[in-house]
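In the two complexes below, subunit A is the common chain; its partner is subunit B in one and subunit C in the other.
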Partner chain A sequence: MGNDKFVEVKNLKKVYNNGHEAIKDVSFSVKKGDLVCLLGPSGCGKTTILNILAGLLSPTSGDILFDGKSVVKTAPKDRHIGYVFQNYSLYPHMSVLQNVMFPLVVGKNKKPKAEAKKIAEKYMKLAQISDLADQRPHNLSGGQQQRVAIARALVGEPKILLMDEPLSNLDARLRLKIREEIRSLVKEVGITTLFVTHDQEEALSIGDKIILFNDGVIQQDDLGQNFYLKPNNYFVANFVGNPVIDNFKVKKDDGKIKAKDFEINVDDLDQDRFKREIPDGDYILSVRPENILPDENGGLPVHVDDIELIGRERILKFEHDGKQARSLVDLEAPIKVGDDIKLKMRLDRIFLFTPDGERVY
Partner chain B sequence: MKRIRWGVVLGYIILVIFAIITVFPFIYMILGGLMSFQETTSIPPTIIPKHFEWGNYAKVFAQAPFARYFFNTFVTASITTIVSLFNSLLGAFAMVNLQFKGKRFIQIILLSLLMVPGEVIIFTNYNTIARMGLLNTYIGLVLPFLTSIFYMYYLQSYFGSISSTIYKAAMIDGASDWEYIWKILVPMSKGGLFTVGLLSFISGWNSFLWPLLVTNEDSMRLLNNGLSAFASDAGSETQLQLAAATLTVLPILILYLIFRKQIIRGVVRNDLKG
Partner chain C sequence: MKTNQKKAWLFLAPTIIFVTFFSIYPILRAFVMSFQSGSLINLSWSGLSNYQYLFKDPEFWLAIKNTALYALISVPIGLAISILLAWIIFSKVKHKSFFETTFFMPYVTSTIAIGIVFRYIFNGDYGLLNFVLRCLHLPAPIWIDDPSMSLTTIIIFGIWTSLAFNIVILMGALRNIDPNFYTVADMYGASGAEKFWRITMPELIPTLAFLLTMNIIGAFKVYTSVYALFNGQAGVGNSGTTAVFYIYNKFQIVGTPGVAMAATVVLFLIILFITFLQRKMMKKIGEN
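Then we have the complex of A and B:
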């Protein structure tokens, strides 16, 4: 079967017994050896999908194919998967070595102890936990437990690795380090990986591609940069990006796009970027804070209410039409709180959305 | 100079008084078993015997087959403990980790059965055992106690506090339910299983009403029945009654002393953390 669709999810639906529709008709595929992030706010259904892929939940309808074969009716242990839980779920009464060996000493794939130990030691070395072999999980730090969980997930040499928010219990600095390690580890092993996270930065840095969910529906299934440059809809534009995108209520009328304090000639816009003819009416104009910058010739006069320092850059905060908006400027830009300045936006970087979220420009 | 805190002192005084009230009958039982007949019945009562009459114990063994009672009690208490522990382990596992049709219904039925006092069904049980021809047998003695909904519930709450992802992890790692039970669930729940085992053994050891109903031969009696029979057999020899009572309680007392920590831990249930 084609390696392009090593994991294929077709029209997946999941309705819980209480009537909650967690997943509404989701389809996507994953290339062999890719690391794909399932991203979305909490409650969007991403963990449900992972559980269904693992066989821990059964879908209401739809199909899942691993390497071209449907696995919907296959038991979790026969799906050749590894799973890293958010809380790691290490067996507390076993040593690290016993934890990592566990998949090799139970069930159908039972191996002789010596052989199991050898394989376990190989993966412990890979995960850099060889020196912790005799420790109990509760003596380990979060990062170490994480590595044990990954070693245990990989030791059975699964075809697919599923990770459910594996970094969310770690502190910020460690998270950065471990996520790089995870990426290099799964690439070294060459295993196809699905990685669930609610942290966009994590998804952007680690994923070969990202699938963004909201409300049980895929919002965008794309390469990381396209979430910035070509968001599918209003939700995507607002979910991805830090600081968050600025939104202005506008009206298209008489060949112009008019907001409260500025207007843009439709003719000045890049006509190729229009997705379709748009009638006059209400729209939302969105622009990322790095694309709306102070400029003496700018068309948007604002009053700087507040300035937030984020490392190398500063966020100028101002109010427009009753809503706060932001402009991302260099640390050394000579602007103070209380200044009145003019802002100019890059017209080839703005987006226009209909009120129900469809992107038209 | 350290100030004396009267509140604390008062607290200790009250504790000591209640401790004495609680422990006194046990102490008196042990001491009384070593008194002469006159001392046990004298007024004012004797607390400390003049001579320790160890001979009382020899007389007890001579007058009634206490060794046999011990053996019977040990056998029935052990069998009920092992089997009911096994059954409640499997039942609690199923209730916590398995998904099956009618689970809630079964749970409600079991819970309502828990509210039926044992005395209510004891005569039905008796009839059943009698018709099966199991009177005066070990099987008849243990059969009604081989499952316990209470222990199952106790273990269920114990198992419920283990993260459900541990079970899921084991499933993905390829373990069967049986392997999960023995390699993960049991070692992780030692404290709870131990408490259940101990409670079951103690209640088996102390059982009175049921063995009284289903046995009438001396060779099948348990300690407590033997003791009450002995009390009337021995007539007014109160010192022998007290010695026999001491013998009956002793094993349980020893169990308590040995496993004090585990019992407390099992009741407090804090060994699942970390």
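Then we have the complex of A and C:
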């Protein structure tokens, strides 16, 4: 089989014993050597998928292929995977070296101690923890423990590396540093990696590709930038992006899209972006705060309720039709709380969704 | 600062008074009495004569020998069986809490009561144990009434009574081991034995150190089970006498409190020394 489908998941379903349907018909594939992020809110099924891939859980139905071969009936130890747990699960009574060596000195294919030590030392060097060899895990910082866990996952030379929220126990600054390190490390080793996270920023920064889940269903399986530029549906548009996207209730009627205080001629929109003919009726118009900006000739008059500073930019907060919305402006824009201003949206950057979330523009 | 100090002493006072009267004073008193002879109401200084008597008394040496044998045999075997049972209950048995409660019951039952029941179980003629042994065509010894079997009987009983406490504590320790440790091990194909020796045992070391200390101290103070098993005696012809039984006998029956206290001091020093040795040993194991 080709390298394009090194990991292939087909029609995967998982229903837990209590009847909870964690995964509903999920299919995706991962290219050899890629780092793919499984992204989604808590309880969306992403960790369940990782555990099924690892063999810690068995699927209710569906198939998983590694390098073209079905592994659904293969025991975890024979799947050639490395797994990094969320809390690392390092053995507290073993030194760093013993922890990293562990996968090599147990099981049927265990290696002689000297050989195992040599391999372990190679991966400890890669993970930059050689000087910690004799330390116990409880003497290490979170970042160091993280590296030990990764070295232990890689030491068996697996074909696939699975990581379950590996950065969630680290503080914000360290997280930025470690995620870059993880990316360069797995790229250096060339291992195919699946990385579970609930942090979109993390996913966007390290993933070659992102698969966004919600409610046990794939919402979008795409390159990072497309989640911004071409969201598949209302959920994706609202999940990705910070500050979150603005949503306005609109009505299409008489060749116009009308909301409280503003209207847009359908003819002014980019006709190529329509996914299909849309009948008159209720829709949701969404626009990212950076694409709705103060303008003398803007069609939407608003009253600035609050201003939040986020580094280089400021978020103007205003109320429209009972809901809060935002505009992202430059730090030096001369606008104060309480000002009445006019806003203009970039019509080629707005999205239209049906009330049940389908994107039509 | 001054008032704070006063308040601190006030709060500490109940404990200090309690400990002084019920722990420190008896220890000092025992130490002093070990250099005195006569009856309790008429003591006089006699120097080291109690100790001289003690070291020449063959019964004292038998008591020490029995106690040491009892500790050295019953504690390791008891602990090993406890680990095995705890591990089986923990990893193989459903309804763990039921078994845990069952195993803990002997601990909350009086040793005297259990000892009396065991006297019937151990009975040479109509005891349950010998009934089973005869059914299996094994030799059925005279557990209670044969002087050469006394210590063996005490040891078997001691092992049995030590299980309850050990198992419950070990179950708690097993429950505290992160289940992911085993998931990781499974992932790399570790066998059941490898998981036990490489993960479970090292994780249990601190608990085992605690249990070993408690068990050894308990074993050196063994008395109640002897009393219950042999109906207030120390076996036929005192064959099953132990250090504390010797002390009790010299104090209560023979009426030589000085000798009893000298034996107490010796036993105290032995336990102190062994505990100290054990701590050193465990520290070494912990470091590796």
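Keep this in mind: the second predicted complex is superposed on the first by the 361 of 361 C-alpha atoms of A that agree within 3 Å, B and C clash if a C-alpha of one lies under 4 Å from a C-alpha of the other, contacts with A are read in each partner's own complex, and residues count from 1 in each chain.
What we mean here is this: a contact is a pair of C-beta atoms (placed from the backbone, for glycine too) under 8 Å apart; a residue touches a chain by one contact, two chains touch by 3 or more.
The structure displayed is predicted, hence computed values, not measured ones.
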item	value
Fit or clash - subunit C, subunit B, common subunit A	clash
Which of subunit B and subunit C A:249 touches, first, second, both or neither	neither
Touched partner set for A:138, first subunit B, second subunit C, both or neither	first
Which of subunit B and subunit C A:83 touches, first, second, both or neither	both
Touched partner set for A:91, first subunit B, second subunit C, both or neither	both
Partner chain in contact with A:5 - subunit B first, subunit C second, else both or neither	neither
Footprint overlap on subunit A, comparing subunit B with subunit C	54, 56, 75-77, 81, 83, 85, 87, 89, 91-93, 102-103, 106-109, 156
Interface residues, subunit C side, partner subunit A - complex	178, 180-181, 183-191, 194, 198-199, 202-203, 205
Contact set on subunit A toward subunit C in their complex	54, 56, 75-78, 81, 83, 85, 87, 89, 91-94, 102-103, 106-109, 156
Subunit A-facing residues of subunit B, complex	163, 165-166, 168-176, 179, 183-184, 187-188, 274
Residues of subunit A touching subunit B in the complex	54, 56, 75-77, 81-83, 85-87, 89, 91-93, 102-103, 106-109, 138, 152, 156
